[in-house]
Structures are given as structure tokens and as C-alpha cells.
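Shared chain: chain A. Partners: chain B in the first complex, chain C in the second.
Let's look at the complex of A and B:
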């Protein structure tokens, strides 16, 4: 085994709110090997974006709080770094790409100036050198007319081009790890295909690891080596790509897959997961997914499930991990909404 | 291609141009006024109980088409016929009647629900305005509506901010159903929802179609969703329909290069899926100044001189399968999905 580039060890990120302390990230452990792409999948509110921000130490404190665990980047715990040391890490060793480039890019500077500034900050390059590097990067990420686009303001660029600008900035320092938080969610499918293709090519070229945060299992299937599925602040299943799709070990993963209307088959029936994710302030005592689970039993409602190994490298947080289908009689699903 | 029975809804030659106000210098120098050709000659037909999906990327004019059909925006040209009768937007009595038959559900229930009105007030407004039931009956009718969309009666006292995304969308649907419409324009109605909740709403829409015989104009960019719900699909690009066919036909045998690229671009949730990767280069061109001839030609890998010179008309390539491409049917088949 190669030693992982990033390892989260029982990470806890809490937020204090009026309804009490919310455990947005509640004991998340995962690891990414060099050159690997890990997909972090979950629905809104599952804690996947907070996890990503926590790695960059970008969770606002307060109201947030790193309440426990470790974030090991090449063996070094990022939570112990000073803000100054962390700044040297951010955008240098670890970069991040966000869903909405318009809120990321500064509207009063040209796209090129912003990327060049990042290069000057991190590499101490001269102005002219930074500009040349920026134009080169723009070419690498497939921005047509790279020279002219250097002086374009963000509002003059299309969504796809803005995303490319953001990616070029993230890559300017040749990071070891790229965190991409829903990088294509706001884009049209044809543009999404371009950006995913670009990320794949750049990964090969730069040999970096990618943590890809998405709610789209289609994107995961095309991009990832490994998948971690998150639900209500916890990883409920982790495995390499094939078992997740062929033989999901957790009923939630199974439910997610069943809920996708698929364009590639004969409009096979899809099946919604009833209800909605729990309120983090009022979590059920047992398994957090139990109220929505078609296969739940008594024990699921009363006792939190352990992480069960289904096969080496394939774990699920379920009393009946990997066996929920064959061993259990389906319980009727509750009313469509409560 | 005339249907034996009068279709429920017929849209003919729909055009919507938005004037672009130039700066003062443009006006002094009398530059010709620029327009955004959002919708540029669209024909659509929806039969009783049918679901027609209108598919395309952002900016292609699909939402504008939906709004023009309801006269939420006045079309620049074209007619909308309901049961064979042309809708006259200047006749307010008639429009009031039409709005009972034609309803819309929006993408973002956050901005389409009034945050200061409870669910009950929202539904009551629709019932009262259209005088659907006598006042004494309204409460009962509201309970029925909530039940229809899978919510219990207690929801009538809630406000939009107390609801989850899926619940809000159910209220949006209940409001549309309040007037017993015959057609619902669903404009990206499930796009903003998480996949598990999205499936719930799709199931609800399907159930309503079966129970009430509703017809939908289902505007969406999600091909998977479209395949699961639509009877027929129309693909739009830069203000024009480029391909239209029954759902299975268009998914099995897309004939327009744009449709082929769209389908190839949609990620498949199966890591073993093998297919040809068609990556379109560039972005869709501007609707202010669309390319001559075929509007897709600037991104099309098969484009020739003919495509720049002549606008391709929609032609029937196989029964009920219309394609606006000079080479439709003669292009190499893309690898089957």
C-alpha cells in the first residue's frame, strides 16, 4: 500500500446554533492515495462540503469548531498548523475548486490578473513571468484565445470558461491534492463533459489526487477510483468504484442508485427514498438512516450500527451490511412524506 | 401529420425576441436595434394526457417557450391553440379561463412561494381567485389538495421557510392543481432537488397524470428524468427545435448530432458503461447573432458548407421522428449507449 496523501481520522466538525450543537461532520475517516480520485457523495446537508472546507481549514470558527480527530496531509496534522503555515499549504499543496466560479472570482479584476497574482504569491514569480505562466495555464485548461482572455473580466466569460479559469488557478501551484466541490453541478451537460475530461487529463499530467465532492453518481462512475457515501454527518459506506455500483453494502447507497432515473437504460423504474434526511439537531437514536430504510429492523431503530467490513476495502455502517437484501423481509415504506 | 383528433395544445410558429437596449451612442448613430432571439419559430403539439419533454441547455429558450405558452410573457409572434381554439391574450375573460386550464410549476419553489403567506393562504388564494369552490368548501378542498400531493392537513399552517425543498415543490404542485388544470408546464420542476427527493416528486407527477389525465410540458435538462417520464421529446438548441420524436425512439436512435452529443455527455451511473465520448468544443453561440444556416454548425463535427448556407428544416426521417439536419439519417451511427 502506498501511504495516503490525505487521511481523515475520526474528524469532528461541530457548529453551535440556537437549536444546540450540530455535528455536521461526525467522526469521518477516509484516505486518498497519491494519484487517486475519491468521490465523496451525499445529498444536501450530509456534511460533504463541510468536510471539504475543513480539510482546507476554511470552516468559519465560530460558529464552527474542529471538535476532534485529525486531518493528516502527508502525515502532518493540518489541525495543529498555525494560520500562517496553513496559508502556505492552501492553494499550494492543496487547492480547491468550487461550484460557483462567479462567487470565487473577483469581479473587478481580470481573470488573468487573478491567476497571475496567485502565481506571484505562491512562487514569487515576476509580473511578466506570472503572466506568461498564466497564459500557458489557460492553454492547458483549454481556454481558447488564451492571450485575449487574460484581460477578460469574469462577467465576460461563460460559465464553462469561468470554471476553467478557476481550475487553472487551482493548478497554478501544481498541488498534490485538488479538492473539487461540485465542480460541474452548475454547468450544462455538454460543458460538464468538457470539464470532467479536462480534470481527468490534468490529473494524468500532474499526477495529483482529487477529492471530488458531488451528489451525482453518474459523475462518480466516470471519474472516481473510490467512493465514500455520506449521510447525516457520517460516512455510511466506503469502497472502490465497482462494488459501490454492483453490490452496494448500505441500504442508503442502494436507495440512491435506485432513485436515479437513468438515461442509458430503457427508462427502468426508479424508486424514491421516502422522507427526507434527519434534522441534525434531532437525530434518531439508532441508525440515522433507519426512519427512511426499507429494510429496517428493531435493532436499527434502537442501536447505532457499527462499521462492518464486507470485503477488504469495502465497509458499510449498517447492522446488516451487504446482507440487508437477502436476509430481511421488506418493511412497507412509510407515507411519501411526513 | 395532422392528428385525427384535435390536440390539446398546439403551438405554431412561436417567436420571442427580447430587444437589447443599446447605449446612447448606438441610438444616436442609429445602429440597428439588436434582439436576443430566445425562441425563433417553435412548433409543438401536446395531446390529451401526453407528456412532452422540452430538452436543452441553459439559454436555449426552453423556459421562455414555456412562459410564452402561458402568456406569462407575450410572444413576439406565433399562436397557441387550446383544443383547436386560438388563445387571444387581449381577451381578459378568456385568459382567466385559460389560466385555469394551463398551469405552471417552477424550478425554485423558494422564490415562487410567498414567504409571508402560509401554505393555506397560498392555496386559498388560488381557489378564491378562480372561484373554484364555494367559500364553505375551500377548507375541504385544501385538505384534498394537500393529500393529493402527499402532505397532511397540518401543513396548511406552515410557512415556506419551514418546509424542505421537496415539500415546497409539493406545495407548488398543489397550487397548480388547485384550479384543476389540464396541462401543467413543469419548468425544471425537479432539477433543484436531491436525487432521493427528486424521485419522490417524479413519482407524484406520474401518479397525477394517471389519476387526473393531466398533460405535461416537461421542461428539463436532465435526460435521465426525461426518459423516465416523457412520452415524446423535443430537443431545443438556440431558439429552435432540432429534433422531436417519441421518447424511446429518440433515446435509441438520436439522429441530430446535437442530440447525440447531449446523450453522450450525460454521465451514466455505471462505471462499466462503455460508449463513444463526443465532447463538443466551445460554448453555445450567442442568441443575438446566431450562426447562419444551421445554428449548431459551429460545434458540429459533421458540418459542411451546406450547413452554413442553408437553414435545415424539420423533416420526418422516420415515422413521427422529426430532425432539422441536412444529413439526418446519413450520419454514422454513434456507438450504442
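Let's look at the complex of A and C:
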């Protein structure tokens, strides 16, 4: 196996709040190989965005705290770097694309100026050179009329174009790893497809790895080589694409799949997962998903589950990983306790 | 290279001929009556200030005892003061201390207040708490009162008054800048700038500061009105501009003793203070409408 470009090793990110210490990221381990796309999936509040920001060391401290674990980027632990060393990584080796295309560009500078600034910062290019490179990048990401768009202010661009500008900015120094935090959530469906296409093509061209954060399993199926499902600060299932969709090993993943409206499933029930993720300040003693789980047993409520290997490269954090459907009685209406 | 991307057909998103932001602002400014009226008044005062030597009909310092307290008339358009000096000339020259002083006060407060506010807002935490409490304490005292005490300690002069007022005006600007920074810091572009590996100093001064400019301009304009009033008040009390330098506040005070017999002295000086404060207020109000982002395009 190729040595991974990014490896999270038991990462812990805690936030101190009035209601106590919240373990937003609670022992997350992940790895991404060069050129690979890993999808990080979960509901709002599952800790996926905090994980992404932690890799960039963008979690505000305080109230946040890197409480443990390692973030190995090409074998180097990012948590041990000084702020100055980290600045040299950000935008250069690791870049990030954000969700909200309305606000990630500074309204007082033109789109081109902002991308050119990134190029000048990381490559020490001259003003004219940076401008030429920016226009070239704009063409690469499919911005029509690139010369004219260089001097367009963000408010003069559509959401899709702004997202393309953001992508061109993130890719300006050909990063080894791109973290895309819900890059298509704020866009409408046709533009979503275009942006995903673009990301896939650019990945092949630039040979970078992508950590794609999303709550949309459709996007994952289209884009990713591997998936990690996050719930309440933990990875609950990790596998490559087919097993996740064919045979989800964790009831939560199964729930997410069943909750996707699907026109071609021949009237099979469309079931939302009841309830909402647990309050991180008051986690259940056993499995964190147990209160919402349709297949839960006594042991699920009392004892935290182990990480169980279902097949090589397919693990799930469940007492009945891969076999929960055989549980004798299906609990009809799960009581949602908070 | 371009074959890589999913091309958007250019006709779907035509490049509109949107006017540049500056043209847009100027257009909104011209349509705002308050702003235009204020700008006209301030423009007129600036004109007086700059061209005072050519506009003033007489030497503002030269007294002619024969014309003491002369009523407005042919020789002295606005009359003469107790020392027989031409009131009109003194008013015109007085615009220099009044406007110049007010601009200096606001400039000092900006130079200190903007960095303090922006750093407090950006850093947050204990630094912000300490700065904010200090500003609150300063705000608890009326600037006029504190300035009175400072000038009493260091001796009356225009310079001392301007410096003390400048420092005392810091909280007004710093609080506004801090508030705007708190909002801007949460905007994704600040985080994006950080994610691009830019150092904090660059994010603060290159990315957040320009976004604070609108509110800073509005507050500064309104502060100019207050500064002008406070300066006039201190000169009125004899702590600011010292005689024989012409100043509106001092003229107001000189006219006080002869208010019943020669009201033109105080009236003329009072009128100038009134319209300049009015001018700055109108301009500030108008600008806050013009620069309000809610009026802009989304």
C-alpha cells in the first residue's frame, strides 16, 4: 500500500463551553492515499467540519483545544508545527474550498485580485505574472470570458462562478491535498454536477488527494474512492464505495441510505432516522447511536461498541457490525431520549 | 487546458455592463439630498478655509479703535468687534482653526482607535475584554469635562486641546471598528484568507480593514461635528485658541459681554458653528444611507 498523504491518528478536538468540555472530534483515525478521494459523511454537528478545520489548524483556540492524537501530513505531524510553519502549509500544500460561495470572497477586491494574491504569496510571482497565471487558472476551471472576469467583483458573479473562483484560488499552488467542505451544498443541482465534474477532472490533472466533506451520499457515490461516516465525533464506519452502498455495516449508515428519496426503489419505505444527534455534553454511556437505532439491544445501551472488521478495509463501530439486521426483534418505534 | 473544465456557454451568463462600485456609490450619493446638502456646506467651509487670505476683505488681526463695535454696514459687512477688527474677516480666518482643529482631532482618534478596535475585535478573548472595559470607562466621562481637566493641567493652547480631544474620541471610533471587525471576522472570507496561509497581520489590514471603511467614514464625519462643537466650547471657555487668533468659539465668548448692544458679534460666530455642525451631521447621516450595504446589491 502506498504511504498515505494524510493520516489522522486518534485525533481529539475538544471545546470548552459552559456545559462542560465537548469532544467534537473524539478519536478520529483516517487515512488518504495520494490521488485518492475520501468522503467524510455525517449529519450537521457530527464533527466533520471540525475535523476538516483541525487538519488546517483553523479551529479557534480557545475555545477549541487539540486534546490528543496526531495529524500526519506526508509523515509530518501538523500539530507540532509552529504557526508560521503552518501558514506555509495552508494554501500551498493543503487547500480548502468552503461551502458558502456568497461570503468566501472578499467583497472589496475583484475575483482576479484575490486569486493573484494567493499566487503571489505562495510562488513569489510578480504582479503581471500572477495575473497571467490567474487568467490561465480561470480558463482551467471553466470560467468563460476569463480576462473580463479577472476584474469582476464577487457580487457581479453567480454562485457557480464564485465557487469556480474559490476552486481556482485553492488550486493556484497545486496543493497535494484539497479539503472540500460541502463544496456544492449551496449550489443548485445542475451547477452541483458541473462543479463535481470539475473537481474530478482537476484531481486527475493535478494528481491531488481530496477530502470531501458532505452530507449527500449521492455526491459520495459519484466522487469518492472511500467513505468514512461520522457520528457524534466518531467515525462509525469506514469502507470503500461498493460495500457501503451494498452492505452498510453500521445501522446509522443504513439509516442514511434509507433516508435518500429514490424514485426507482419500487415502493420500498423511505425512512428518515428519527431524532437528532446527541448533545455532546451528555452522551449516552453505550453506543452513541443507540437511542436512535432501530436494531438496538441491551448491550448497545450499556456498553460502548468496538470497531469491528467486517471485511478487509471495511470496519464499523457496532456490536452487531454487518449483522444488525439479524437482530431478533426490530424495535418498532425507537424512543428518542435526550 | 481549457478542455478540462465543463464549459459554461458564455451566452448563458453575459458579462453585464454593471457600473463600477465607485460610480454606483457616486450615483447613490447624488440622489441623497441630505448628503448633497451636507457636502455643499462642508465644501463651502473648506473653500473658506483654503482661500481665507484672498477672501477676507481685511486683516483679521488689525484693530482700528475708531471702529470699535461698529454695526454691520458698508465699511464692515458684518460689523467690527471690541478691538475694531473686521468680524467677516475673522469669521473667514476662524474656519481654519475650527475645521483644521476638528479634522486633527478626528484624525488622531482614527489613528489610535482604528488599530485598537480592529485588533481587539480580531483577537477577541482577554485582550478584547480589557480593551473594551478601558473604552467603556473612557466613555463614562463626557469628553469635554476630561479635556477641561487635561488642558487645565497642561496649559491652554489649541495643540493641547486638539490632542486631548483626539485621545478622548478614541472610544467612539474604536467601538465601531471593533463591532464591524467582529462581524467581518466571522465572514467566510476571513477564514478563507487564513486557509490560504496568509499571516494574521495581512488578514487584519488587507482583508478586514477595507471592509470597515464605510462605518469608519460615517462615524468620523459625525465625530467631526462633535469635535467642532467641543473645540468651540473649549475656546469659548478660553482654554483653546488663544487671542488674538480668530476662532468662532472665542468670538462667541467675546461677543457675550456686549450681547445686548452689539448682538452681531455672537450671532455671526454662532451661525458659523451652527451651519458647520449641521453640515457635518447632514453629510454623516447621508453617507450612512449611501454606504449602507443593505441598499447595495446582494
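Note that in this section the second predicted complex is superposed on the first by the 326 of 338 C-alpha atoms of A that agree within 3 Å, B and C clash if a C-alpha of one lies under 4 Å from a C-alpha of the other, contacts with A are read in each partner's own complex, and residues count from 1 in each chain.
By our rule, contacts are C-beta pairs under 8 Å (C-beta built on N, C-alpha and C of every residue); 3 or more make two chains touch, one makes a residue touch a chain.
Note that the coordinates shown come from a computational prediction; the quantities given were computed from them, not determined experimentally.
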Worksheet item: Does the superposition put A:194 against chain B (first), chain C (second), both, or neither?
Response: both
Item to complete: Considering only touches as defined above, state whether A:107 meets chain B (first), chain C (second), both or neither.
Response: second
Item to complete: Would you check which partner chain A:261 touches, where first means chain B only, second means chain C only, and both and neither mean what they say?
Response: first
Discussion item. Per the contact definition in the header, classify A:121: touching chain B only (first), chain C only (second), both, or neither.
Written reply: second
Worksheet item: Regarding the shared-chain residue A:158, is it in contact with chain B (first), chain C (second), both, or neither?
Response: both
Practice prompt. Determine, under the contact definition given at the top, whether A:65 touches first (chain B), second (chain C), both, or neither.
Written response: neither
Worksheet item: A:144 contacts which: chain B (first), chain C (second), both, neither?
Response: both
Worksheet item: So which bits of chain A does chain B touch that chain C touches too?
Response: 144, 158, 160-161, 194, 197
Worksheet, complete the sentence: Per the touch rule, the chain C residues reaching chain A in their complex are 1-2, 4-10, 13, 15-16, 18, 21, 125, 187-189, 191-199, 207, 210-211, 296-298
Worksheet item: For the complex, which residues does chain B have touching chain A?
Response: 57-58, 150-152, 164-167, 170, 194-200, 202-204, 221-229, 247-248, 251, 261-273, 275, 277, 279-283, 337
Fill in: chain C-touching residues of chain A, taken from the complex the two chains share
56, 58, 62, 87-92, 95-96, 98-100, 103-109, 118, 121-122, 136, 139-145, 148-149, 152-153, 155-156, 158, 160-161, 166, 169-170, 194, 197-198, 201-202, 205
Discussion item. Quick check on the complex: what are the chain A residues that touch chain B?
Written reply: 43-44, 144, 158-161, 188-194, 196-197, 215-222, 241-242, 245, 255-257, 259-264, 266-267, 269-274, 276, 335-338
